[in-house]
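Below: the structure, in structure tokens.
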Amino acid sequence: MIRFECDYAEGAHPAIMDMLIKTNLEQTPGYGEDHYSDEARTLIRDLCKDDTLAVHFLVGGTQTNFTVISAALRPYEGVLCAETGHINVHETGAVEATGHKVLPLKSCDGKIDSAQIETAVKAQMDDEANEHLVKPGMVYISQPTECGTMYTCEELKAISEVCQRYDIYLFVDGARLGYALASPQNNITLKDMAELTDIFYIGGTKVGLLFGEAVVIRNEELKKNFRYMIKQKGGMLAKGRLLGVQFGELMKDGLYIKISEEAVRLAMQIKKAFLDKGIKFLYDSPTNQQFPILSTEQIGILKREFAFSDIKDMGNGLRAVRFCTSWATREGDVDKLLNEIAAL
Amino acid sequence: MIRFECDYAEGAHPAIMDMLIKTNLEQTPGYGEDHYSDEARTLIRDLCKDDTLAVHFLVGGTQTNFTVISAALRPYEGVLCAETGHINVHETGAVEATGHKVLPLKSCDGKIDSAQIETAVKAQMDDEANEHLVKPGMVYISQPTECGTMYTCEELKAISEVCQRYDIYLFVDGARLGYALASPQNNITLKDMAELTDIFYIGGTKVGLLFGEAVVIRNEELKKNFRYMIKQKGGMLAKGRLLGVQFGELMKDGLYIKISEEAVRLAMQIKKAFLDKGIKFLYDSPTNQQFPILSTEQIGILKREFAFSDIKDMGNGLRAVRFCTSWATREGDVDKLLNEIAAL
Amino acid sequence: MIRFECDYAEGAHPAIMDMLIKTNLEQTPGYGEDHYSDEARTLIRDLCKDDTLAVHFLVGGTQTNFTVISAALRPYEGVLCAETGHINVHETGAVEATGHKVLPLKSCDGKIDSAQIETAVKAQMDDEANEHLVKPGMVYISQPTECGTMYTCEELKAISEVCQRYDIYLFVDGARLGYALASPQNNITLKDMAELTDIFYIGGTKVGLLFGEAVVIRNEELKKNFRYMIKQKGGMLAKGRLLGVQFGELMKDGLYIKISEEAVRLAMQIKKAFLDKGIKFLYDSPTNQQFPILSTEQIGILKREFAFSDIKDMGNGLRAVRFCTSWATREGDVDKLLNEIAAL
Amino acid sequence: MIRFECDYAEGAHPAIMDMLIKTNLEQTPGYGEDHYSDEARTLIRDLCKDDTLAVHFLVGGTQTNFTVISAALRPYEGVLCAETGHINVHETGAVEATGHKVLPLKSCDGKIDSAQIETAVKAQMDDEANEHLVKPGMVYISQPTECGTMYTCEELKAISEVCQRYDIYLFVDGARLGYALASPQNNITLKDMAELTDIFYIGGTKVGLLFGEAVVIRNEELKKNFRYMIKQKGGMLAKGRLLGVQFGELMKDGLYIKISEEAVRLAMQIKKAFLDKGIKFLYDSPTNQQFPILSTEQIGILKREFAFSDIKDMGNGLRAVRFCTSWATREGDVDKLLNEIAAL
């Protein structure tokens, strides 16, 4: 079975594993106060071109999301996001478990826009009984989104501006950020990310690491005592240098982009193969996730050799499914898939 | 200014005030362990025809909702409700503040049905990644709803059955329960309520009392240690006998139904007056809340003498508004309103 | 049975009840936005001699405590208090239920001092692993304390200064504040309270009202969006004017102090009666709560006619008990008790 | 600098690293549903001699503690533990952040006993106002304790019995469990642990792994939906097989005990060296943590070449410090330390 069902089916990029082996028996202080973590922080600040940024390493995405959100919000505040947002649908209510309502906005492709945000914020402000409504305190978006789509720099700027105008934090979930940065359609740099958001993270789990998410904070208010939040929420790894070592290697010499580009290149081949067969897509994705709409028969054929995810019943015997590539996807496996698709 | 904007503009029914005065200087134990509270509990059990029910008195509706919901759910469980449900829109995220996601279902009139509930429950159960989704642990409905509409006994039975089939609690918010019980269209008794739900409450704040909600629990699991929950969540009134005295008087000799019937009778007059002018309604309500759709001009005229609530922009210069009657509404005030409507 | 077991055995002072009756059928807006509440706020600001204070009315003490504390603290912060503090021992973990650790300090009489606070704050700050420790973010004290003792103005100033030096909020639980203000030993005015604390409350439940606590906020940061907190935590009474009407009457013409003085005067008679018999006290209280240490036999005799609270086993067949007076205590009842004590 | 300050200064045991490398590019399902995790679960069940046990792998200790505790308790329940317990002092209020009070019991050596537990439970039950007190719902102990001390099997049995008698969960934090199992004084087997507790965990982070804690559940109630809790609280590693691979290797062929024994052997050498110099200890520890009480001068000398932790000011110019050995401690480093101690 060749697995395209997610982008976390393997371990870590071999260069990462090499560094973990090489540094394995070294003694360092715990909890991220080691020199490897410091060096990785510096690399990230350099890539973002801002040496005042705070950088913290956490273990996983759900953990990062609820740690950031609960660090930012007051008890009566909630977080606006697309109805498809990971925090709204796939985290077992982790944000609500920290006391905050997720405020979903309509979305047909995983994205929301600045106008929707402004409308929602004003509706709450202007309501006579506004104290009876949850106050939006943060906007959460994903880049790329859970649907594989991406924000343009212009869209991100517009969202950033509306957040600033209404004094609301902007938080970007970058669990798959590499696959956006590496997309041919991308026009947002890490520097833009750091400038336009209050806080965002660079995902490692799905882009080359065993695990790990690098949180980057520009907003001074959010920088305060963030390590207390990490500890309380269970994200402070005892052997924190494991995150430093991994991110140090990933961020050095363009490895992050290089492996992401390869994953996107292979995803585009898969996309083209389906399009060539006249197959439609649930979302038009320029990143590593592809959502073709297949017939039961087509699914049956592809399932014999490939694992992929079921997403949604589209009616008429059709279902949307998901194929993911990743830094670990092998060209040969994709070739086999391309042949099967061509033969459908 | 004559106020029809809500059903809590006045104090308490004079009979209630009389009892409060009469008992004022008596000494009793605190926290609801007095004989007045015991007598009121007995009256409610009698009306529900089940002497095994647990009955507790809390101060307000939002407090009652989050106390009940957090008492019932495990940390990873959420509560299904209509998207218009009070807990979803008008309680400043109070349920989420106790750690639980509110899971809204589509509704055009404040009601949800058993099929929607079943679909939602099965969708979570059947999802491959179900542990990543919030597990529905309770259904919350309001009787009458926030839109003034009511469930029939058949509808309530169907919801009750689906909840039992999937081992999910059924909780009914009865903040305005009297106005449903007193509606000509009602076919649900208090006995039905107690039999078909795990827990529900009889609202006093909006139906004759200064404040107070009587929680009625049939489910044995929910009965356990419920007083701990009330205390922790701030609902255990030191002078608990104030609730006992009030509910004792309200539940005696049919006062609850009598004052509710009068409120509904007056609401029906208002409804008829609007209908006679060809005015449409946002919801078809057989209870004390009426939601006519008026033009800006009509609103301007009525606003000169009457207070009512703004609900929703309906486009084309029309707005839905809300007129409430209550146990305290005076016939003379309604007559004035009827005349104004007739003259529109 | 004559009850001295607590200070909330009766309803409200007759003047309060009169006002509730008089205003009962008036129509007002809900949720504390009525003119009675506004007038009561003005009266309290006047008594505190600061018209910039925010004043909010809540229903009960536990509710007020957790609402204030959760409004003030960041998620990783805790609240320092005496180990005997009400929030630490008698609120079913209500503060922890909002996510915050209560950090108890040793106390033999219900009080803590500025040196203890400074030591605790510095210990956390100076710990190498301070991010692994809860950060003190607030000091909670009660005036008078749960033991009946009181802070002097000098002690309160010292605590206030240490809180300011370390940027920590000072919150005073004044559930029984009247009985401190009315004590012959008191040298703290309401003006001092407002100046020296960030937030405190004037208790009504135990001092003349049916229920109600008036929160007074000087700190600008704490003033922000406090009504959202009240609503979310269940403290926003629908018929909020009930609190306004009651506090308006209580704060007018010195009623609050007058009824408190009478309660303290009677408590001092009881204290003297026990002292005259050579009976010792658990705490030396100059307020309405008295904690004599009695033998089993003495307790047996007094129990025949009087209700009082059991507090603590003192060994050697002795137990500390509690007698409370209140605004409602009758001189005749105290006389009976004095006679019984004299006859022990 | 040779580090004895903690037991997590290095990476993982080389055999673990080898397995991670060997399996690195294999494709497996995520979230612990892979065959490596299943095999590790079987190994642990075999060692505990009970194939009905549920076994789950989490990332870190704090995370494990709050996930287990919040899974077990009802909102009004708290967790009894030694005042020195990790959850009470070194987790930034993580348990309270899930809504539950930690109920500390006096302890001079990190241990509590069955009598203390019974006294605390009965005190709450027997209190007239028990609903105003947090209800003990769980006992948390650490084996070995944070002080290096250990429970005997008889002590554990007595605690287990009192927990069963009062229907309270027993949870053992085994972050350093290997070092207890490997101690010459130990008389508790993994089988005993599984039989006598409701839930416990086998720590990997401090005993040979990069990270990881294996939660073992005997209690049927606690088994239910535990994966939902792990996901919500951020402990469900996307590449869950990393935990399976590591624990599989650690639990195979006695590696866990073997490396723990070596660490304890070296710790006993250090203990003996201090004792031989007439140096006293804060706690009498038979495990890998040693707490000698040193003079400022002695500390100064040892600090030149060795890192160790400062624990407590003992007065008279003396301080208690901590030396830890671990699976990674080198005999040569210990020899250097022994020489330095001998030369003090």
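In this document, chain identifiers A, B, C and D correspond to the written order of the chains, with residue numbering beginning at 1 in each.
One rule holds in what follows: a contact is a pair of C-beta atoms (placed from the backbone, for glycine too) under 8 Å apart; a residue touches a chain by one contact, two chains touch by 3 or more.
Everything numeric here is computed off the predicted structure, so don't read it as measured data.
In terms of the distance between Cα centroids, subunit D is separated most widely from B. Here B-C and A-B are compared, and the pair linked by more C-beta contacts is B-C.
Chain centres here are Cα means. That of subunit B falls 49 Å from that of subunit D. Each chain gets one centre point, the mean of its Cα atoms, and the points for subunit B and subunit C are 34 Å apart.
Rounded to whole angstrom units, the spacing between the C-alpha centres of subunit A and subunit B is 42.
Multi-chain contact residues of subunit A (touching two or more other chains) are listed as 75-76, 91-93, 97-99, 131-132, 228, 231-232, 236. Per the touch definition, subunit A reaches subunit D in the complex via residues 1-3, 6, 8-12, 14, 17, 20-21, 23-30, 59-63, 66-67, 91-94, 97-98, 205-206, 210-211, 228, 231-239, 242, 328. Subunit D contributes residues 31, 70-71, 74-76, 98-99, 131-132, 135, 225, 227-232, 236 to its touches with subunit B in the complex. The part of subunit A that touches subunit B in the complex is made up of residues 75-76, 78, 89-93, 96-102, 128-129, 131-134, 310.
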